[in-house]
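One structure, pasted below without further comment.
In this document, chain identifiers A, B, C and D correspond to the written order of the chains, with residue numbering beginning at 1 in each.
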Amino acid sequence: MSSSRHDQYREEVLGRANVADTPELVAYYERLESLGTAALWTVANKIEPWEPVPSSVPMLWRYDDLREDVLKALDLVTPEQAGRRVIYFDNPGRSDVSAAVGWLYSGLQVMGPGEVASSHRHSASALRFIMEGQGAFTNVDGHKMTLGANDFVLTPNGTWHEHGVAEDGTTCIWQDGLDIPLMNALEANFYEVHPDLSQAISYPVDDSTAKWASAGLKPAGENWSKPYSPLLKYEWAPTYEALSKLAKVSDGSAFDGILMDYINPQTGGPVMQTIGASMQMLRPGEKTKAHRQTGNFVYQCAKGSGHSIINGQRFDWKERDVFVVPAWLYHEHANASDSEDACLFAFHDLPVMRALGLYREEAFAENGGHQPILS
Amino acid sequence: MSSSRHDQYREEVLGRANVADTPELVAYYERLESLGTAALWTVANKIEPWEPVPSSVPMLWRYDDLREDVLKALDLVTPEQAGRRVIYFDNPGRSDVSAAVGWLYSGLQVMGPGEVASSHRHSASALRFIMEGQGAFTNVDGHKMTLGANDFVLTPNGTWHEHGVAEDGTTCIWQDGLDIPLMNALEANFYEVHPDLSQAISYPVDDSTAKWASAGLKPAGENWSKPYSPLLKYEWAPTYEALSKLAKVSDGSAFDGILMDYINPQTGGPVMQTIGASMQMLRPGEKTKAHRQTGNFVYQCAKGSGHSIINGQRFDWKERDVFVVPAWLYHEHANASDSEDACLFAFHDLPVMRALGLYREEAFAENGGHQPILS
Amino acid sequence: MSSSRHDQYREEVLGRANVADTPELVAYYERLESLGTAALWTVANKIEPWEPVPSSVPMLWRYDDLREDVLKALDLVTPEQAGRRVIYFDNPGRSDVSAAVGWLYSGLQVMGPGEVASSHRHSASALRFIMEGQGAFTNVDGHKMTLGANDFVLTPNGTWHEHGVAEDGTTCIWQDGLDIPLMNALEANFYEVHPDLSQAISYPVDDSTAKWASAGLKPAGENWSKPYSPLLKYEWAPTYEALSKLAKVSDGSAFDGILMDYINPQTGGPVMQTIGASMQMLRPGEKTKAHRQTGNFVYQCAKGSGHSIINGQRFDWKERDVFVVPAWLYHEHANASDSEDACLFAFHDLPVMRALGLYREEAFAENGGHQPILS
Amino acid sequence: MSSSRHDQYREEVLGRANVADTPELVAYYERLESLGTAALWTVANKIEPWEPVPSSVPMLWRYDDLREDVLKALDLVTPEQAGRRVIYFDNPGRSDVSAAVGWLYSGLQVMGPGEVASSHRHSASALRFIMEGQGAFTNVDGHKMTLGANDFVLTPNGTWHEHGVAEDGTTCIWQDGLDIPLMNALEANFYEVHPDLSQAISYPVDDSTAKWASAGLKPAGENWSKPYSPLLKYEWAPTYEALSKLAKVSDGSAFDGILMDYINPQTGGPVMQTIGASMQMLRPGEKTKAHRQTGNFVYQCAKGSGHSIINGQRFDWKERDVFVVPAWLYHEHANASDSEDACLFAFHDLPVMRALGLYREEAFAENGGHQPILS
């Protein structure tokens, strides 16, 4: 904490630190430093801001810009060399921790027919959202799941998992989402390679949906006590149907339109302890109002096109584009079409915010709820 | 507690009461009685049995036997006169409390086109299981639901509810299930007639399923905190599909075949606090093993035919027949068909058993798990 | 359900059953009866009362009246013969189920120095409240506890337990409280005699309080998951001190004065799943207002004297007297002294009411909250 | 993410990234960078370490070294200028976030008689542990608490709080513990100065302990639903008595001796959502074995003297010294005395680890459980 000045964070507000440097104080600060200590009032206003100012920046990554380079990775590295063949989203404000936004990592993984990545497990919770291709699969603790476009699949903290594409499939691309940066920040990240590099298929293929994807029903005698959803795969067709049904009986949210959270059907809570996810539908012509939330969001457009205004900045998106909303920045969404709905998949760290008592949200109060566009 | 003898419950077992009457003791017992007291050892073995012996008897009611008389009630009483036009199942061991089994009441309600029963609410939890007819509906706290055969609908403790049949419907019969006897036994039964005798339809028709019947998804921002399921109607088609899917990936239960519990999708728990329900499929040729459970069960055959052996007694059933399994009696089920599946709907008081720490089950240990048939 | 008349429960209220007998209907009822059924409207108003009317009657048992006969039992029966040497409270409205009130059993147990009752366990939850004598002890699952006057001790559902008095003790009397009647009503009562008739002392004596009776602290690494309190004994001295401290900072309840619930320190909830308990202090001169609650209460005066008015009837009590308040009857309490506080121990079935969603209470609205005294 | 080399994290292990730079790949990496992306395999082994390596260093701060400078702050700044007059512990590995260890902040606050710090609230959870002086107090949401040496007091997330020393008190020093760094890292830190700079005393002084510090009892009718303990102050005398009692019936933990967690008496869980605390007693001559845990610990010696070995480094401590154990470093403790016990207060972020499913611990397997001392 050596610095020529110690009074750079002064505020002229009652109740805040406001101590000017003097030679005597500077000498005092230097002695404190030699003892492995410092004076709180020299940093208090810095470490206790009035409200969060995220270090992440709002960003959008256009799939059109990335797809070719993602595919090119097929030629450049093998899964064996790379571990996982992924191009990740590198937020300029979070490059030091390889995050897309906040403490969330995300990237695009590409695999060709017959390829399989080695099995492993880690403390980071992970999910995948399928973007294109036929024949992708994931094996989570012996539960093999087949995957199609817009399917959403979990690989929770501590589960053995491996991904691949069937021999008779096509090149597949999916979005990975993990909280690797959070696990590192919390110094709780463990990683293991599966002793056999590959795990067995221990259950009938897609048994997870056969058992747990029946609304309002559960297999008797199955006492699920793990801290994540027993339903590991959420398919697109029933998800889109659910949104369509909800739209018929609900006005939805002023900020998000028709928004459904993916849940653990055994608890009604989030799918994993540290990452939640949702799918939302913006109805034809819908334009939501702005609000801000603690927590970070990674969006992928699953259907249609539109734009979002984040902290006054407009980002236009269409199917497969990815964008991020950093914590406590106002954001609002608009569907570009007056005839088609648009759907946004999102994953976020709200389960962390809620588990720790930190979730807040606030509506944008002025201008009818719409931000002025700054750029 | 006046009785000529006080030693009728003696047992010659160490640790059990075993006191013979003497003139001195009888005089003592009489003085105790005059003080509003009694000696525990005169009744201890009676009130602390080694294991439960239910007062209910196993029974089956054949729909063919009842249907005509149920329909006849249409001519005999109006809903206005009767409150509800129901013929109830009167277990010979439980006539004093009007129970079908244990503390569970059940009956067959019949309504004609255009009829509506008056709106009311009560502490008893209630459910309906539709047997025949077109156009039945229930309105629960303003949520109107349309009902078809084998649909299962809740009217939880404290909710305003009314039933009826649409003007353009046909005569409908459904099974009612309630825990009226339990509420009376617990001296906690309250009853109110709706001030207007009828309640408004406050939401889009069938909004409950539109919002809550999407597996693994929930409407964001809906924070359900009531002690019963927000999903009030469980339709037959998805229920049967769920059983069929489960049958493909699960061996099921040795005692119940392919059994799914109806659940509150927000908790994974039972649909109401005092009554649970399930639907089970006996696969072609399936014959389960016997077990016994604390708690009482009311079954209705929803599809196919077969038989159950309850406490050594065989009961043959087919679609729409109703039968009951009293607490702690061994029971096993068999599908009569080698080519078709058979389905049994059941409701029960296991949520009470579980909430109070009293649930137990035990497999029948002998004879390969099958009871000898006594009658 | 044979009866000459079937219309004895008619009510002239819209929404209630109101069907007069006719020859045709009576013939119909008889046919229904032959089918093991009956018409709901003949009993609907009986089984769905407007509000609970308890079958128990309010009662008070004076210790002065009972003590001599309780002690006499020492000469009349041995613990070996009697199992437990207890004189129980026999509510005239509940004699058929040996209950003191509702589904709660209670009695006075007496043991002499050196006597021990045989070890056993059962589904009924049990408690003891010590009234007089030195050297009483209870052993619950190997945890031996020493007991003094006004100490309260648990023997939860399923725990092995035995009671006795030390060789160098004196004759001891305590009040037993159990929910034997409820367990029987729910047909879930199991009873086992310990194979050795006696169990080992497996832990340091009074380890339960040494581990769990420290407010705001718990032994690290002890992960208690049983459905009852790990703290098995609640001693009188800290309980009385707790009430005294609370009285200094709280106005207390209008209905109960300074009332504290005994809790499971791991959950803040009731001590056992089916029985709760409390101790309350009526301050000098305190006279509470009347209210009524679902659930049944057994009181013992632990200190001082006063009276309670239950359903308009006055009951005067002093130390060691026992009285009961049946469900949904208004009750209010008064301390007889203007200088000393009075304390009432109570146990009740509110945990059952709450677990099943049936708890209600209501203040007496007239006359400044005080009932007219009828007797 | 610009760097001359991209293959610095290669590992020669199957399942790990192992891609050497080539001119073609470097060109590819540069294009990815221009798109706001990067290749996962260039950083995978860095961001997915095999196990945590904390950035914090083990440290001890001797009170003898600091006390004089802490007191000197009385002369250098007023509470009005400083906000709070605190010298904080500045871990060399965590200077950028002003943390003592991990994401935990800690410092020594000093106040003179009659001084009061202005009232405020923030998202950071906070606690104080009193070190010396008479007359200290804290007001939390209107609950004023008087504080003595070794008392532990909470100021949870979102509560208004202010500290001071009575006019007739003496200079007081206490240790502050907060998770300010975590709140900042999670970008969820809000800060408010109380509109009046001071808040009212809304309840009887010390009402929190009068209501909630009675073991196994709670004030009836108080339904506490806030996510932190209603008991806000944990006094030293009953805490030390609790440890002494536990020591008589428990062998304690091989790693921690007699260790008790401060708990929320309504849940049995940690005192706040993001910070837990404990007090432990090392019995005379006790020397514990080494283990390591996810989560970070700040210790203060509350009584006696001894040493701890952290990651092979020995730290000798006596009363009032503060030391820290970073995540996943082995640590063991020893009492210096063969006749007196030694007590360590600790606070930590285990509630965060547990809420997010990240808690792990591991015993040191070699050398009888004792680390070799490296320094």
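Here is the rule we use: contacts are C-beta pairs under 8 Å (C-beta built on N, C-alpha and C of every residue); 3 or more make two chains touch, one makes a residue touch a chain.
Keep in mind that what you see is a predicted model, and the values were worked out from it rather than measured.
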item	value
Copies subunit B and subunit A - interface residue numbers shared by over half, same or different	same
Centre-of-Cα separation between subunit C and subunit A, whole angstrom	53
Distance from subunit D to subunit C - Cα centre to Cα centre, in angstrom	45
Shared interface positions of subunit C, touching two or more other chains	none
Chain contact graph, described as a line, ring, star, complete graph or other shape	ring
Subunit D - residues contacting subunit C, complex	203-204, 206-207, 209-221, 224, 229, 231, 234, 238-239, 241-242, 245-246, 248-250, 253, 256, 259-263, 265-268, 278-280
Footprint of subunit C on subunit B - complex, ascending	1, 13-19, 24-25, 28, 31-33, 35-41, 43-45, 47-55, 59, 61, 65-66, 69, 72-73, 76-77, 80-92, 95, 97-98, 102-103, 105, 107, 118-120, 122-124, 157-158, 180-181, 183-194, 197, 227, 273-274, 294-296, 326-328, 352-353, 355-358, 360
